[in-house]
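Working notes for the structure below.
Per-chain numbering from 1; labels A, B, C and D assigned in written order.
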Amino acid sequence: MIRNRIFEIIEPAKSNDHHSRVFDNTILILIIFNVISVILESFSSIALRFQAQLDIFEIISITIFSIEYLLRIITSNLLYRENDKARAVLKYIYSPMAIIDLFAILPFFIPMILPVDLRFLRILRLTRILRIFKINRYTTSLSMIGRVLKKKKEELIVTLFVTFLLILLAASVMYYVETDIQPDGFPNILASLWWAVATLTTVGYGDVYPLSVLGKILSGIIALLGIGLVALPTGIISSGFTEELENKKQNYNRSAKAYKYKKRKKVLKRK
Amino acid sequence: MIRNRIFEIIEPAKSNDHHSRVFDNTILILIIFNVISVILESFSSIALRFQAQLDIFEIISITIFSIEYLLRIITSNLLYRENDKARAVLKYIYSPMAIIDLFAILPFFIPMILPVDLRFLRILRLTRILRIFKINRYTTSLSMIGRVLKKKKEELIVTLFVTFLLILLAASVMYYVETDIQPDGFPNILASLWWAVATLTTVGYGDVYPLSVLGKILSGIIALLGIGLVALPTGIISSGFTEELENKKQNYNRSAKAYKYKKRKKVLKRK
Amino acid sequence: MIRNRIFEIIEPAKSNDHHSRVFDNTILILIIFNVISVILESFSSIALRFQAQLDIFEIISITIFSIEYLLRIITSNLLYRENDKARAVLKYIYSPMAIIDLFAILPFFIPMILPVDLRFLRILRLTRILRIFKINRYTTSLSMIGRVLKKKKEELIVTLFVTFLLILLAASVMYYVETDIQPDGFPNILASLWWAVATLTTVGYGDVYPLSVLGKILSGIIALLGIGLVALPTGIISSGFTEELENKKQNYNRSAKAYKYKKRKKVLKRK
Amino acid sequence: MIRNRIFEIIEPAKSNDHHSRVFDNTILILIIFNVISVILESFSSIALRFQAQLDIFEIISITIFSIEYLLRIITSNLLYRENDKARAVLKYIYSPMAIIDLFAILPFFIPMILPVDLRFLRILRLTRILRIFKINRYTTSLSMIGRVLKKKKEELIVTLFVTFLLILLAASVMYYVETDIQPDGFPNILASLWWAVATLTTVGYGDVYPLSVLGKILSGIIALLGIGLVALPTGIISSGFTEELENKKQNYNRSAKAYKYKKRKKVLKRK
């Protein structure tokens, strides 16, 4: 009985369930405040002065997120009704959203159990930014990206491979041409790759660029011919995203029509 | 009687109304000179030498714009003929174009009424650049942008949200990787966001960029994969704009055809 | 008689006219060597050492181009057969290609007639690079661009106007925000425009960029939202060009078909 | 007999030929390790310490690649069954893939036969990176690019020509405007071309940019108007690639359908 009500509350709210909406908004606001807190903590002056307050906020957040996680596990057999309880729990734990939820709380508990050095502690702190993905439950944006990448997988692999070849070739050529003149800018091919990526994505930071005449000529040709190929994965993701958004709109229209049609049918029946 | 004529004059000119066209061109030229005057005044040497002339020009501009604003209010019930006078005035005052007109003159009068410090006075001066939007009345370009943003609202919100997430994530990761090596470039996540925006929009000023090998590798991957997603709002605005321009053309053609059709009908009738 | 032959020779060669083809190639090669000579002369070391040779080459080029120009004028009534001779000459002189031809030789003769200072002489020398447009006669690429710009005129004006407004607004805001912190980077709105253009076209040289936190936030928002609008003229030109190339292909296919059809008809007739 | 088996093994593996698959994977892994070895060797510290190991790996690679090359030549008449043996060998040697294979091994043998200086030896070492193209045999990505460039040849030539003209013109104008103010940045038109390419591809390293007001205004106009034209080859390559990928998909679907259809026919026949 009570488990049913809890399940209703923790799931994204239906239109007129007041408690459920309060719960959703609480979690959403908590996620946003968590992101803000991570940003604030990165300011060393704020981190020093408000460490106590930030720690308290962290403990509150973790407590709420942990309770949320546990409640979701407890009510998991209401989500997967076709499975028995033990299997539903396992199925839920391995679902993408549950893994995100776990990653949002787990790093907090690790230093309590295992002895960790400062360096590792810091990486653990970084993982807190992943809490932002908890927002996924309340938006379709991120799952849309997933679908786009899946749909365009084949194209992306082909073009990423070509992009990778082109960048590698450009970097190698540039390394052999420039390393004698500027051993600091092009000390090895890996460093040269940095130049190649910055140039072919047209970011062009300007920290490394060819100095020799030959290097400049080659770099100009590479830029003119290569940018088109490197822009391809960009174009593919973009077109995939646009298709997805159009499909969504059409589906929406179709379901809206279907809904209207059903309604009209009912009205006709009554008559 | 005279109010009717004033209304005809201040509205965008019909093809053969000489006075109205003179009025339109005066306002247009005044707007352009106002923009030029703001630019000139930003040169400290010009501001010092020609302060008197610039001030006189400002007073003249304000006078004309104020008279224009008052005339428009007085004749507002000729614009909204279905409303009574008081309601027409109110309706006009709250219309977007009237608000722009008000903002173009109001900042000039504030220091006369309220005591303001120098800093605030300066912001008031900045608002003069907004006078350029008065040009809106004589072009459809800006209202077109408004329509495009409205039409693509849903897509823009979804992609801006994803863009925002991606930039935030990239900035956070980069902060943790680079802050020890270059505390000046990546002192906190907010500063790191500056790097993320400059990179993912491919502007790449080159004031901050990763120095560590890990940072460069991550930055390369972020650049290659992220640029596609960040370019999405750009693509959506572009496609929306193109659609709008095509619709406009088709409407024009259709109305041109309809006009021809009507004309032919008339000719046939006469026969 | 001889005028007819000259006209045949100086016009772009038909498939089996040997002399005409020799003439065309001579002019083409001369244009290319002229461009190379302008580039070489810009190297001060080469300009000093080979001034004599470059001058001789210039005199030879001018002689040939002048003769070409005169021959084209003399034979102009063979180009415009419907006009009498005097009118044909005038019509030819005012045609775009003849103006280009004139500009390719005129600057050489000016210092002979008028006393010019060194500065003006230099600008005259710059005009030599315009000789490259003489190549226009042998390619359709440049006239294609002209057609594209004409076709998309309306769209380009609208978007260039919006682009101009956006750049002006961004520059003004940035000037007021940054001028106190870095009077060298943003001394006036005109200098601020330089930043705005470099940012919104995503070139991002990195010579000026906001330093204040407010400036960076505003700049980030401007970059994210503005790039889409500024990329519009780019997109319009691109799409116009693509359409033009497709039209050209279709026309080619159609005329090829028509040609085949005619041929077949002839064959059938003979039977 | 044995030649037939060798041919089967060295050709890309059919689904259930174990030996052939082992051979393919060996070559693939060797190519990848070769690329890694080239990258590693570019680190001077690694090159010094592990020179011996790298040399041994090089000899092993060359041995395997040489044997592979010889085997392919020996079995070439099984590839071109319609030709007699001598002609098949010649035909194979001049095929693109065989030339790549030869270039992957040849540079190793040159210093054994001819006396070469250190500088030339280094260029020979660079050619090792070309071994990555041996991967071509196992992927369709690279041949796809070839097809795209071939298909869009005409468009690419036209737009590359225009791009070239625009870059040349921009560089020349900028040289005359800026060379007096910054003789280091714009010493000659060739150096000015470097600025033009970096600007019009929007890379914008920021090593050279106009300093004079006139130069900045011209550069702004060039950037705003030119980027569209320079982006054209990029757009053409991108659209060509997308078409190619779609064709490939359709062909795949069609052949899949044809396969199903044949299968069904067979089933029907049996009945």
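Of note:
Simple rule for what comes next: contacts are C-beta pairs under 8 Å (C-beta built on N, C-alpha and C of every residue); 3 or more make two chains touch, one makes a residue touch a chain.
Values in this document were obtained by computation on a predicted structure and should not be read as measured data.
Just one of B-C, A-C or B-D has an interface built like that of C-D, with over half of its contact pairs in common by residue number: B-C. Of all residue numbers used where chain A meets chain B, under half belong to both copies. The two sides are thus made of different residues. Chain A and chain B, compared by their mean Cα positions, are separated by 33 Å. One simple way to say how far apart two chains are is to compare their mean CA positions; for chain B and chain D this gives 47 Å.
Across the assembly, chain B contributes residues 190, 202-206, 235-236 that each touch 2 or more other chains. Only residues 202, 204-206 of chain C touch chain A when the two sit together in their complex. Considering their complex, residues 35, 38-39, 42-44, 122-123, 126, 129, 132, 139-142, 144-145, 160, 163, 190, 193-194, 197-198, 201-207, 230, 233-238, 241-242, 245, 249 of chain D touch chain A.
Per the touch definition, chain A reaches chain D in the complex via residues 154-155, 158-159, 161-162, 165, 168-169, 172-173, 175-176, 179, 187-190, 192, 199, 202-206, 209, 213, 216, 220, 223-225, 227-229, 231-232, 235-236, 239.
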